Amino acid sequence: MDTLELVRLNLLSPMVLAFAVGVAASLARSDLKFPDALYVALSIYLLLAIGLKGGAELSGTPAATVWAPLLVTLLIGTATPVWCYAILRRLGKLAQADAAAIAAHYGSVSAVTFLAGLTFLQRAGVPAEGFLPALVAVLEVPAIIVALIIARTATGGMNSWAGALREALAGKAVVLLTGGMFIGFLSGQEGVAQVAPFFIEPFHGALTLFLLEMGMVAARRLRDLAAIGPFLIGFAIVMPVLHGILGVYLGTLAGLSVGGSTILGLLAASASYIAAPAAMRIALPQANPAFYLTASLGITFPFNLTAGIPLYYALARLVHGGG
Amino acid sequence: MDTLELVRLNLLSPMVLAFAVGVAASLARSDLKFPDALYVALSIYLLLAIGLKGGAELSGTPAATVWAPLLVTLLIGTATPVWCYAILRRLGKLAQADAAAIAAHYGSVSAVTFLAGLTFLQRAGVPAEGFLPALVAVLEVPAIIVALIIARTATGGMNSWAGALREALAGKAVVLLTGGMFIGFLSGQEGVAQVAPFFIEPFHGALTLFLLEMGMVAARRLRDLAAIGPFLIGFAIVMPVLHGILGVYLGTLAGLSVGGSTILGLLAASASYIAAPAAMRIALPQANPAFYLTASLGITFPFNLTAGIPLYYALARLVHGGG
Amino acid sequence: MDTLELVRLNLLSPMVLAFAVGVAASLARSDLKFPDALYVALSIYLLLAIGLKGGAELSGTPAATVWAPLLVTLLIGTATPVWCYAILRRLGKLAQADAAAIAAHYGSVSAVTFLAGLTFLQRAGVPAEGFLPALVAVLEVPAIIVALIIARTATGGMNSWAGALREALAGKAVVLLTGGMFIGFLSGQEGVAQVAPFFIEPFHGALTLFLLEMGMVAARRLRDLAAIGPFLIGFAIVMPVLHGILGVYLGTLAGLSVGGSTILGLLAASASYIAAPAAMRIALPQANPAFYLTASLGITFPFNLTAGIPLYYALARLVHGGG
Amino acid sequence: MATVSLKLVTVIAEAVLEERLVRALLDLGAKGYTLSEVRGSGARGVRAGGPEVNVKIETVVSPEVADRILAHLAERYFAHYAVIAYAETVEVVCGEKYT
Amino acid sequence: MATVSLKLVTVIAEAVLEERLVRALLDLGAKGYTLSEVRGSGARGVRAGGPEVNVKIETVVSPEVADRILAHLAERYFAHYAVIAYAETVEVVCGEKYT
Amino acid sequence: MATVSLKLVTVIAEAVLEERLVRALLDLGAKGYTLSEVRGSGARGVRAGGPEVNVKIETVVSPEVADRILAHLAERYFAHYAVIAYAETVEVVCGEKYT
């Protein structure tokens, strides 16, 4: 399959099309509105499902193949926020709190982007390691901690440092992912088979429905686009690509397959919009949410969903000597 | 299968039985209550699913077979509200606003009735054209526009004419149906296959659950029965039958199969209870909702669900020379 | 399979593990929170689904095999609250209202416990009668009535006696179970097959998700543990075991299989936490909810879920001469 | 804008009482009410186990009806049920609608 | 604690009007609003069929803006739509934020 | 009906603060609270992107506690967080329950 074909395959997937429909509905000012409860229910479902599946596959994976990917993931989670902060301060001239908050978002991870990536690989017939959800869980929190340490060092005082930390670690995304992995790991393939008609088979459809809503949310964020300025818009596209290259490369070094390296690239490239915003509102309220939400949700998320996924896959094939 | 057998098949379907349970629960004043979010989530799901399926099948249909059914559907959507208005004014002596509002409802369409019809055909083993959901989307809005034009001509002033129109066109039913068709059309059979365990296979079950709630809603409307008077009660049963005959006949002319003609009859016979009420509340607030809601939701909907579906099917077989 | 293996099979099922994750999330004070609408939607789904399945299987069952199990179930429902009340008054020295309210809970039944039991049997490959859901419906209400009669006799006056009764009979659990059975019975195996991808196949997964939430709810109840005292804690463990033995024995007498006897034991052992609490709050508001909710939800439910199910199964095998 | 002074009575109660309280308000002379689902916790916290699920019922009524409602609640509900109630004065347009 | 007296205007209206009413409030000078989903029933009960789905919009404004809002609602909405509104005095911290 | 005059303090705040604010209210002397999920938008609109998800916390307290709550909020939250608060006088039955 050549690159154009991959892009087409991705753009014409139900997921990406549903995202587009959501954007269009929002721009047409439709009265279509997902109940909050549906949005929350779908995210609970998706996170738990991905954990379950990952846990079940982890139960059959020798520890030897897992430690290297885990390590590079941890490395990515702690290093990326550092240089994001430096770039945002030096080149972007952003205030300390704003820079730290954005750094937290780009160092952390978006679970939905991850799911979209897995679905792409599946459609393209590319296998990927089963334990990848574990990497999502590992990548979620470190960047938030690093960014808060930076902010504290830079600004001195800070509200509710400990509280923010505890909440990030016991945050729902982490609890559902690790909880799902725990269930999947202990009940094994056989246990997961029993719940597969609920958690595994309808998964892509539920993700499609969720992306319709994400499209509406992302479109609303775009109204703030003018406020965030050209530098941040550029940052929200260039930075994911750089992180994507890094992730693909480190993933390959750590022994991941083409599919796995694609996903690690995508994880590195993705920006959080669940765990990080909540932590930032509590610990760094002086940081302007219009900056980090518009960048991560309005720009980086759609970018990765549409262009990023096939790009990192093409890169992974290149690095693996295929392509 | 003879007519009695068809009626039995329809009445003993899980859908219709669930509707009956809903009615009974409401009459028994049970504390069973669907959360609003569940009701909304189920309607989002149903509309999107039907659009998806229709879109995927449309992608394989030559335009030549589609234009005639689309045209007669448009005809039905613009003509039926005109005579409904005349009948309601002349024979029913209703106020102008009330007559126009009811005409909008009976000219428009009920997506759930449509779904019940498809499910009936499937159980009876009768094939139907895949592009029928497109007809639902086409039939949704024109009657609302026509009725508002009539009301404006008749009464002079009117609130928020343009607003009501825009909202009808960007209303959630239209957006989800056309959005679903867009996704289904572009991602094709293969794309829809990926989401089938969510959108296609569990479909009838979700519809059954939804009809349980619809039964409770319809039963609540029946409490207003006394207020609406015998004329409107008769209208709510006779008019669907007349529209059903027209729809079956025009559908057959337009080249639809027995199944397709049944559905077009059912569409013509059905009365809106999502798009039309919202538009009427905004543009014609002086029209009494007890009239149009009780007629469409309390009488016509149950009538079509139980008696109408097998009736229009029997008609379609007759018109097609079977029977 | 020996007993240890059964315990392991049960503890490592996705359901029980999900319950444990819910407990852990609550203890870690995670911000994970199910929307109320999701909780309600899942309980509607589970009750309706179990009714549907039971009704469809009942349609093929000769009345002769059903009457004896129904009779012993009715017997259990009316007798258990009587001795519960006596024990709670004599040995526990509880106030009349408190004793009556707790008796109502332990005489009634927990539908989720029932579902967990069925799932266990299925995993263990043990067949069970299809009509068992009918027993749940029958066991739901009598204990509530008996306990209210006791309370009325003991205390004289009582609020809203008739209202509480009507509400118990038209309560949502009863309506959904019997409504589902009605639908399943009339539409038969063929009708249920049409909705199976929604109501039957994803069932275990939905139950797993529900148990995650139940874990969080149960853990919150445990905070009141100190308030309820050692007697009630003991009662909440010993009483289920005694009722479980009784249920298994009577079930065997009534001609139930090993699987069916296990379930009847489990039903007798389980304590209500939907129908009974609502009825008690209305009819016996002076009874302290901390007592009956903590006992039934915080102790008996987890006990039955983890230890009770394999225990009653082992008993049933013993009584049936297997083991 | 010509307004009339009326009483806004707010009742917060455990959810099982919803139907009963609404009926009582209307029987006592309220012409309408507005209801929302809330959570809360109070001095008694009879149901405990985390914030409790309550309903909040608000009704705009004449001072006399307000008095009757508060008296009725105090007599019938306050002792055993989780119910609180308070009244305040509000300025209403189209006052005739509420009496 | 230094506080300022302002007006809290509460509007309860059928849900389809949400967008229109919010726009009207902001046009008339409100600087913010808070909205919740409620159910209710009133003297007219135009939509009937059980409790109706409404929105409740609350806005803290200066007395003049409050007056303008009530007048606007009375003129444009009260006749045909299911809408009620009332105002009351509240003590606000950081009063400058609302005017 | 014998009633007591107390203060109803209403706090509207971004949802992440829920737990913190509830704890603060109880620490400052409130004996109970009622909480609902609302949406809204304000002068600062810090989180923007359409109406924001907030919580509304209402608590009936003595005038002194009301004052302490408003002062605490003004000091700790108003600068950086999306929080507004106001107090009004309400007539309460069974006033002893709130103090």
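All chains are identified by letter, namely A, B, C, D, E and F, in their written order; residue positions are counted from 1 within each chain.
Simple rule for what comes next: a residue touches a chain if its C-beta (ideal position, glycine included) is under 8 Å from a C-beta of that chain, and two chains touch if they have at least 3 such contacts.
On a predicted model such as this, the values are computed, not experimentally measured, just so you know.
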Under the document's definition of touching, what chains do subunit B and subunit C have as common neighbours?
A
Going by the contact rule set out at the top, which chains touch both subunit A and subunit B?
C
Rounded Å distance, subunit B centre to subunit F centre (Cα mean):
46
Subunit B to subunit E, mean C-alpha position gap in Å, rounds to 35
Distance from the CA centroid of subunit D to that of subunit F, rounded to the nearest Å?
19
Numbers and ranges of subunit C residues touching at least 2 other chains:
35-37, 41, 197, 202, 278
Among all residues of subunit F, which ones touch two or more of the remaining chains?
36-37, 88
Kindly provide every pair of chains that touch.
A-B, A-C, A-F, B-C, B-E, C-D, D-E, D-F, E-F
Enumerate the contact residues on subunit C facing subunit A in the complex.
12-14, 17-18, 21, 24-25, 28-38, 41, 119, 123, 197, 201-206, 208-209, 212
Within their complex, state which residues of subunit D touch subunit E.
1, 3, 6, 8, 31-36, 60, 88-94, 97-98
Residue numbers on subunit A that touch subunit F, as the complex places them
36, 159-160, 163, 217, 220-221, 223-224, 278, 281-282, 285-286, 288-290, 293-294, 297
Once bound in the complex, which stretches of subunit E touch subunit D?
10, 12, 36-45, 51, 54, 56, 67, 70-71, 73-74, 78, 84-88
Using the touch definition up top, name the residues of subunit A that touch subunit C in the complex.
35-37, 40-41, 44-45, 48, 52, 166-167, 170-172, 175-176, 179-180, 182-183, 186-188, 191-192, 194-199, 202, 278
